[in-house]
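What follows is a structure written as structure tokens; I'll ask about it next.
A, B, C and D label the chains in the order they appear, each numbered from 1.
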Amino acid sequence: MDSRRAESFSDGVFAVAITVLVFNLLPIADKTGFLTVTSRGGHLGLVHYWPAYLAYVVSFLIIGIMWLNHHLMFAQVSTVDRPVLVLNLILLMGIVALPFPTALVADHLTGSAGSHGQATAAVVTYGLLMIAISISFGATWVYISRHLDDLAGRQPVRPSRMATLRFVAGNAGYVAGTLIALASPVAALVIFGLLAVYYMFEHLPEPASDAQAASRDED
Amino acid sequence: MDSRRAESFSDGVFAVAITVLVFNLLPIADKTGFLTVTSRGGHLGLVHYWPAYLAYVVSFLIIGIMWLNHHLMFAQVSTVDRPVLVLNLILLMGIVALPFPTALVADHLTGSAGSHGQATAAVVTYGLLMIAISISFGATWVYISRHLDDLAGRQPVRPSRMATLRFVAGNAGYVAGTLIALASPVAALVIFGLLAVYYMFEHLPEPASDAQAASRDED
Amino acid sequence: MDSRRAESFSDGVFAVAITVLVFNLLPIADKTGFLTVTSRGGHLGLVHYWPAYLAYVVSFLIIGIMWLNHHLMFAQVSTVDRPVLVLNLILLMGIVALPFPTALVADHLTGSAGSHGQATAAVVTYGLLMIAISISFGATWVYISRHLDDLAGRQPVRPSRMATLRFVAGNAGYVAGTLIALASPVAALVIFGLLAVYYMFEHLPEPASDAQAASRDED
Amino acid sequence: MDSRRAESFSDGVFAVAITVLVFNLLPIADKTGFLTVTSRGGHLGLVHYWPAYLAYVVSFLIIGIMWLNHHLMFAQVSTVDRPVLVLNLILLMGIVALPFPTALVADHLTGSAGSHGQATAAVVTYGLLMIAISISFGATWVYISRHLDDLAGRQPVRPSRMATLRFVAGNAGYVAGTLIALASPVAALVIFGLLAVYYMFEHLPEPASDAQAASRDED
């Protein structure tokens, strides 16, 4: 199949999944606790829900930057075969599910019922899903980089083994974050956010731009 | 109408519908039963909701692979006429509704109020919708394959009668699954998931790639 | 602005709005009344919510066929100016709001609290929004058809005054339906569905296909 | 990266975010207060929720017109670098969050629990998010306009300093609106709506159309 169709469908799923994150904020508007603590100042009621905002920002960065790397990954190829489609579908299944542990974290990181055990369980669930997403992302990338001759229409820009290694190795951060969640759920959530920033810079190799490719074709 | 516009709109609907499935997971974060069973271990509270996760995976696979086959179906043609648009709209009406029986299954497969009768009714509803989707998918495919001369711009890759037969016949699996739901709702749900995997491999014939077609055009 | 960008954005809004309709079905899964009437048979609990299904089908047809006509309208032009963008934004504002009166109808057409007055108010609200949508659709079409020389890149296929008249006049059906809702809300809802089917056939003139246009350009 | 991919992803996010606004209307259908005030006339129950409709219209206009300006901004460039992607992601993070303060306003502008303090806090929150969105929009625009030589493939249409100044200066209106919210929340909301209309006319410079650019390329 033409890789552009698969990428276009994936783009749509990423765009919807990243927007679904706001549904973890909407119920706050209905909460009876909104602005009842007027003695401490006007806005404190909303500040109380900071775990929801933190989880929103972290998950937004993760999905947004994962979209960026997903695009760079598919930019390497011009056609996709069935294994790529299956791996991509499993990857999307994880991305779409991310608002769920985001909601767990938003509801249970603190609050009246927020015992330490619940916060830990919420962030560990978040971490386990991120590990699963990372594995399926890495698997897709390893498969594509090994089949570039078949999948890339033009002469592929072969990524260095080092780049692939660094990319996949970074996933170890999610394992570390999940383990840290057992001690400090908040610290683990911050680590997940920092990992997103890490992947902003330690990303997949960018393919030659269309302009460059076109000028090369003309030689 | 240019088939690409209809396909692009359908892609958007598929992408949103597949993402809507996570809304069956979000309410779990609010459930009071979350992690209250601390005596049995930290994570057991979430495991309790396994029907929701199973339903999520099955419906995600079904919509994702149906998108794949939908794309292969539309890749056969370059224009669409009014009957195709109507059939496609009815097909999408079924796809978009799938999160509803998914929610029925997630809520009623087990649980405090989960009598066998409710689980059966939920999975039978799921199966009936899948049968309706299959019929409209098959009808769209039969119509398209019979009007390829009008709808396909280039020389069409005429699918064999055998391929069409196998494709449409596979739908019988949904009838079987729905009947099995009367005895074992869980088994029926697993069958629906396996049918999705079946359609991953027993899919519609892939049209000649753009590259091949272009080189043919140049001859 | 290039009309394709505006159309692509509109397509996305249509695709999401049509999928949002399923959110009127999802709460049924949580309703306690689900399948409690086991004495009358297994499935009767779900059948009880037929207004929700009817409203889903009617609104799905309306949005789907409005998308079709919206596409035909924008296919007439190659650029859009500011008035078209404003009119289009107002039109989309109505389309996106349609799930709201759909929810009103689903909840209040029948049911324990479903007095005749509430059902009427729900369907009248539905009808008033449809009238508003029709007016903004008609206004957009009238503006476009009067500025075809500026907006259409190629030689425009000028629609006959008769076609425009029939198209705009059909909107009177929504006024009639809204008035009928005062006597019979269910009949009004059925009329709205039939109007969607009417617009499937009495649609805007289809522009010359790309293939035709290309062959004309080559002359 | 090719700017079209980033723009297409952004378009999807805008389209979903603008449609999510209807979720602030859907709960009204469930409210028990619906049409109970039959003595005063049939429709008064729905009219009671006017803050929700006003907030819907204002936020719809804001997102819709921000999409228009976002498109004009990206139409200036043909490639995007990493800072643009990061700035754009932060901008989208604000756009996607807008349904949240919209819900705050819809629920707390009036109503049984609607003390003046709550209405003020809701609209101030709305204003603060709009200020954040405006800053990130302005930052993205300033960055792009300063790197046009690198990012624009063709000879860029260099925007005048005056245009940029007027565009960025208009953001001061959000600060004024937020301050006014302390005195009159409703007036502030109306100001936010008027600012959207202002940006409809005082928008970014439109790039040369494709047709013009093509004819220029041929010279």
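Just so it is clear, a residue touches a chain if its C-beta (ideal position, glycine included) is under 8 Å from a C-beta of that chain, and two chains touch if they have at least 3 such contacts.
Every value quoted in this text rests on a predicted model; they were computed, and no experiment measured them.
Enquirer: Where the centre means the average of the CA atoms, what chain is farthest from subunit A?
Expert: Farthest from subunit A by mean C-alpha position: C.
Enquirer: If I list every residue number at the interface of subunit B and subunit C, are over half of them used by both copies, so same, or under half, so different?
Expert: Since fewer than half of the residue numbers are used by both chains, the interface counts as different.
Enquirer: So what's the Cα centroid distance for subunit B and subunit C, whole Å?
Expert: 25
Enquirer: Take the average of all CA coordinates in subunit B, do the same for subunit D, and state the distance between these two points in whole angstrom.
Expert: 35
Enquirer: Residues of subunit B that touch two or more other chains: which are they?
Expert: In subunit B, the residues touching two or more other chains are 8, 12, 15-16, 23.
Enquirer: State the interface residues of subunit B toward subunit A in the complex, per the touch definition above.
Expert: 8, 11-12, 14-16, 18-19, 21-23, 25-26, 28-30, 34-35, 38, 42-43, 45-46, 56-57, 60-61, 64-65, 67-68, 71-72, 75, 200-201, 206, 209-211
Enquirer: Can you tell me which positions in subunit B touch subunit C when the two form their complex?
Expert: Residues 1-2, 5, 8-9, 12-13, 15-17, 20, 23-24, 78-79, 82, 85-86, 89, 92-93, 96-97, 99-100, 103-104, 106-108, 117-118, 120-121, 124-125, 153.
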